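Here's the structure we're looking at; comments come further down.
Chain naming follows the written order as A, B, C and D, and within any one chain the residues start at number 1.
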C-alpha cells in the first residue's frame, strides 16, 4: 500500500463541511418535516460518517479489502436491525394478542 | 414405571396435523441417513486400502451432482417449511366462537379463570370438541403453557398478552407443563388438563361457581376505581365511552388505528399514554400497581360485556 | 513434557524451559497447548456437572440434589461447556496450532494478542469458577430476562462477567485468524490452495468477529438492568423481555456454527487424508463454510417461535433457517462422495470422522424438524431440542475435536498414541453417545420439558437408558486422557508425516521447530495432491 | 524484503509493508466488532423509540440541544487535529505530531468535560433512571425513563471509548516526544487515529438520535 498524503486544504474543507452539516442538522430539527425529520437527521449523519470515513480514515485510498470490511460491517448492523424489527413491526398484524 | 410409548397421545385437532408432518420428516430423515450410512459403509469396505502405496485417481467433483444434491433437498425443505408454517398459522388464529380462558403464570403455578368466575390452579377443566382460547400473561418471569397431548405451547410473557388455542378431541386427563425455565420449582409448575364430556363440564361449571362471573367482578372493580367518572357510557365524559368498544377499530390521536382487543385494553389500563384515542387528551393516570393481572382480566371482560358479544361467547 | 533428553533437535517444546517461557510465550503452538490444558479442565468440570445431572434423573422424584442445586448444575454445565470448552475447543487449540502452519506462516499475525486471548479466557474462566464456588448460578446458559435480571438470587453478574471477558478472547482469536489468512499466506498459497480446515476457520472467525460483540453488549445491558434497574428488559417500565432474546440469539445461534464449522474443517482433513483423495467438490465445500457463516446470522428467530414473537417474523425465520440446511447437507454429500474410489484406511482419526458424519447427519436432519414451525411449537424447550443440539455439539463438534486431536497428536508432541486403545475408545464413545442421546429424541416428542428436576414417572425408562449411556460415554472420554498422557513419555516416536497427509504442517518435523519451518515453504500444488506424498505409488481406481 | 536493520519488524512478517497491512486490517476488523457492539444498543433504541415515540420525543426535547451541537463540533475539531497528527506522522514532522496530538487530547478532554456537565445536570433534574426519576409533562414515566436509560447507556459507552482514546493519545504523545515515529514507521499513530475517528462517527449518530429527532413536535 502506497501512503497517500492528503493536503491540509482537503482536511480543512472536510472539517468545515462537517461543521456546516452539524449546524444544518440542528436547525432542520426544529422544522416540522413530519416523518421526514428522521430521514433528514439520519441522511445528514450518514453524510458526515462518509466524510469522516473517506477522508479522515483514508478509506478513499484504502485497499478493496478494507472497503469490503467496512461495507460488511455496516451490512451486518443492518441485518441485526432489520431482522429484529421484522418481529416488532409485524406484531399485531394478525389481530390476535401476542401473535 | 409405566409402559414405554414412542408417541404421545393425540388429544386435539392439531395433534394429528403435527404428527403427520413429523411422519413426513421422519421418512425424509430415514431416507437420507440410510442413504448416507449405507454409502459410507459400502465405500469404506469396497475401497479399503489394500497396499500402503496405492494412490487413487483424484476426482475433483462434478457440478451436475452438486446442483442435484442442492436442489432436491432444497425442494424438500420448502415442503417442510410450507407445511410447518400452515400448521403454525392455524395455531395462531383462534376461531371467534372459542371458549375464553384467562391464564396467569406465576412462580410456580398456573392460575386459570373461566368467564363464569370459576378459578383453578394448575388444573383446567374444558369440554371436549369445543375450541378453547387461552389469553395468557405472567406476573414474574416468562413461563410457557405446554400440553404435549395437544401439541401446543405458548410462552406467557410478563407485561403483555399472548394467545393460544386448541380443540380437544378426546375426553381424558392430560399433562400441563411449564416449558420455559422459570426458577427453582420450574419442574413442579404444572398440573392437569381435564377434558370432559359437555354434560360433565356443565355439571363441573355449576359446582365450581364462586362469587360472580368475571364481568360482574369487573363491573364492581370498575365502580371501585371510579372509572365511570370519566368513561361515561354516552360518551359525554372526558374519556371515550367504552360501550360497544370491544372488537372495534379505534382511531388514534397520532394517526393510525388499533383494534380494541384484550391486549389493547390491558395496555390502556396499565400504560394509558401509549395509545390515545383521537379527540381525547392524555389525562388518564396509570393503574399499574393498582390493578392485579386478575383485575385487568375482570375489567376486560366487563368492557366486553358492554358491547355486542364477540360472536356467541354467551 | 521433558522430551529434550530423547531428541537433540531443537523444537518448539525444548527451545526454552520453565513456567515463564510458557506463560509469556508468543508461539502460537505453545499457546495452543495452553488452551488445550485449559479447556480440558473445563471439559471435565462440565462433564462432572453432566454426570450429576444424569444420575439425578435416574429417578423421577428428584432425590439426589435439591431443585436449586439441580438448576445450578444444568446452568453451569451449559455455561462451562459452551463458553469455556466448545467455543474455544477446535479454533483455539487446533486452529491456533495448525492454521499458521497450514498456510506456511511462522506465526499468527498478532502473537501478543493471541497470548492475550488465552489470558482473557483464563480470567473469564476464573470469574465463572468463582461464581460456581461462591454459590453457583441458576438462570440456564441462556440468561433469559426477566428471570436473570429480576428474579434469580444467584451469581448472575459474576458469571455474565466471565462470559463477557471470554467473549473478547473469542473475538480476538477470530480477528487474528482473519488477518493471518489474508496477510500471512506463504508464496503460492492461493485462496483455493488452502486446506478446507483453513476455510472453515476463516468462516468461523467471521462469526466470532461479527456476532460476539452483540453478546457482549447484551451482557452489559443485563448487567445494567440487574444492578441499576434501567428497565430495558423490564416490562414494568415498558421494556420487552423478548428483545433480550433477539439480541442473545443474534449471537448464540451463529455461535452454534462457531462450534460446528471448525469441526467440519477437521473432518474435511481427516476424510481426505485417510481416503488419500482430494475432497470431492473442494470449492463447493469451501464456499459452503462461508455460506453457513453468513446465512447463520439470518435465522436466530427460530429459537423464539413460541416466545411471543410475531407470527410473520416466525415464518420468515423458519423460511431462512432452511437455507442453512443446504450448505450443511452439501458438505455431508461431498464427504461421502470423496470416499468413492478412494484408498480408505481405518486409523482412529478416520473412525472419529465416520462417527462425526453419522452423528452430524442425524443432528442436522433433526434440525429440519425443529425448523418446521408446527413441529417446533411442540418440541421446543423439550428433550427433543436437547438431543438435537447434543448430536450437533457432542456428536459433531467433540467427535471432530477428538478426531483432530488424534490426527495431529504426533505433530504436536512427536509421539504416537496407542492405536488399539484409541480405536476402542472411539467405539465406546460412539456407542455411549447414541445410547445417551437417542432416547432423548423420543422423550422430547413425548413432551418431557427440558431443565426439569422432577418428571412424571412414565418418562423414567427412557431417562434410565440415557443415564446408562452417559456412564458408557464417561468411560469413553476417560480412556483417551490416560493414553494421551501415557504417550507423552512412552509413545512411539512419530515421523514428520505418519499418515501420508498433504498439508504443509506435515512437511516439517514433529514436533515442529520454533518458527514452524526450517525453510519457508513455497506452494506449487493444490491442497490434497497425494501424488506428491505417496512414494512409488500404485495407481488404483 | 526484510530489512535486517529495522527493529520494529516482528519475526512473523517478511516485510514492513506486510506488517503495516496486517495492522491496518486488524484495526478495521476491530472497528467492525465495535460497530456490532454499539449495534446492540442502537437496536434497543430503535425498538423503543418506535414503540414509545411520544415519551421519547418529550424526553429527547429535555436535552440541551445547544450544548449537544457545540460538543459535536468540539469532537469534529478533535478528529480534524487527529488527522493532522497522522499527516504529520506520514511526513515525519515530529514537532507537528506532538502539537496536533496535544490539541486532539485537549478537544477530547473538553468533550468529556461537557458530557460530565450534562450528566450532572441530569442528576440535579432527576432525569436519572431510578426511584427518584421524574420528567415533567410526561405521564408515562416508565417510557421516559427508558429513554434516559438508553441515553446513559449509549453516551456512557461512548464516553468510555473516549477515555480509552484519551489514554491512547497520551501514550502516543509520550512516544512521539521520544522520537519513535518517522515517515517510515508511524503505524500506532495511524491506528489510534482510526479508533478516534470511529468514536467520532458513533457520536455523529448519537447526536441526532438522542438530541434532535422529533424536536419539532409542539409541546
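Heads up, the rule we're going with is that contacts are C-beta pairs under 8 Å (C-beta built on N, C-alpha and C of every residue); 3 or more make two chains touch, one makes a residue touch a chain.
Keep in mind that what you see is a predicted model, and the values were worked out from it rather than measured.
J.: Which chain has the mean of its C-alpha atoms lying nearest to the mean of all protein C-alpha atoms shown?
T.: Taking the mean of all protein C-alpha atoms as reference, the closest chain is C.
J.: Report the pair of chains linked by the most C-beta pairs in contact.
T.: If you count contacting C-beta pairs, the leading pair is B-C.
J.: Among the chains, which one keeps its Cα centre farthest from the Cα centre of chain B?
T.: D
J.: Could you put a whole-Å number on the gap between the CA centroids of chain A and chain D?
T.: Their C-alpha centroids are separated by 15 Å.
J.: Approximately how many whole Å separate the CA-defined centres of chain A and chain C?
T.: Each chain reduced to its C-alpha mean, chain A and chain C end up 36 Å apart.
J.: Could you grab the centroid distance between chain A and chain B? Build each centroid from C-alpha atoms only and quote it in angstrom.
T.: About 40 Å, centre to centre.
J.: Which residues does chain B have that touch at least 2 chains other than itself?
T.: 92, 154, 157, 160, 162, 271, 274, 288
J.: Among the residues of chain A, which ones contact at least 2 other chains?
T.: Residues 65, 72-73, 76, 80, 84, 88, 92, 94, 98-99 of chain A touch two or more partner chains.
J.: What residues in chain D touch two or more of the other chains?
T.: 21, 25, 29, 32, 35-36, 39-40, 43, 47, 51-52, 140, 142-143
J.: Hey, how would you classify the chain contact layout here, line, ring, star, complete or other?
T.: Topology of touching chains reads as complete, every chain touching all others.
J.: Chain C touches which residues of chain D in the complex?
T.: Chain D reaches chain C through residues 10-13, 18, 21-22, 25-26, 29-30, 32-41, 43-44, 47-48, 51-52, 129-130, 140, 142-143, 145-146, 149-150, 152-153, 157.
J.: Sort out for me which residues of chain C touch chain B in the complex.
T.: It comes out as residues 62, 67-68, 71, 138-140, 142, 144, 146-147, 150-152, 235-236, 238-242, 275-278, 280-284, 305-308, 311, 314-315, 318-319, 322, 325-326, 329-330, 332-334, 336-337, 339-346, 354, 357-358, 361-362, 365-366, 368-369, 371-378, 380-382, 442, 445-447, 449-458, 460-462, 528-531, 534-541.
J.: Can you tell me which positions in chain B touch chain A when the two form their complex?
T.: Its residues touching chain A are 92-94, 135-136, 154, 157, 160-163, 258-259, 261-263.
J.: Give the list of chain A residues in touch with chain D in this complex.
T.: Touching chain D: residues 1, 3, 5-6, 8, 11-12, 14-15, 18-19, 22-23, 25-26, 29-33, 37-38, 41-42, 44-45, 48-49, 52-53, 55-57, 62-63, 65-66, 69-70, 72-74, 76-77, 80-81, 84-85, 88-89 of chain A.
J.: What residues on chain D touch chain B, complex-wise?
T.: 51-55, 138-140, 142-143
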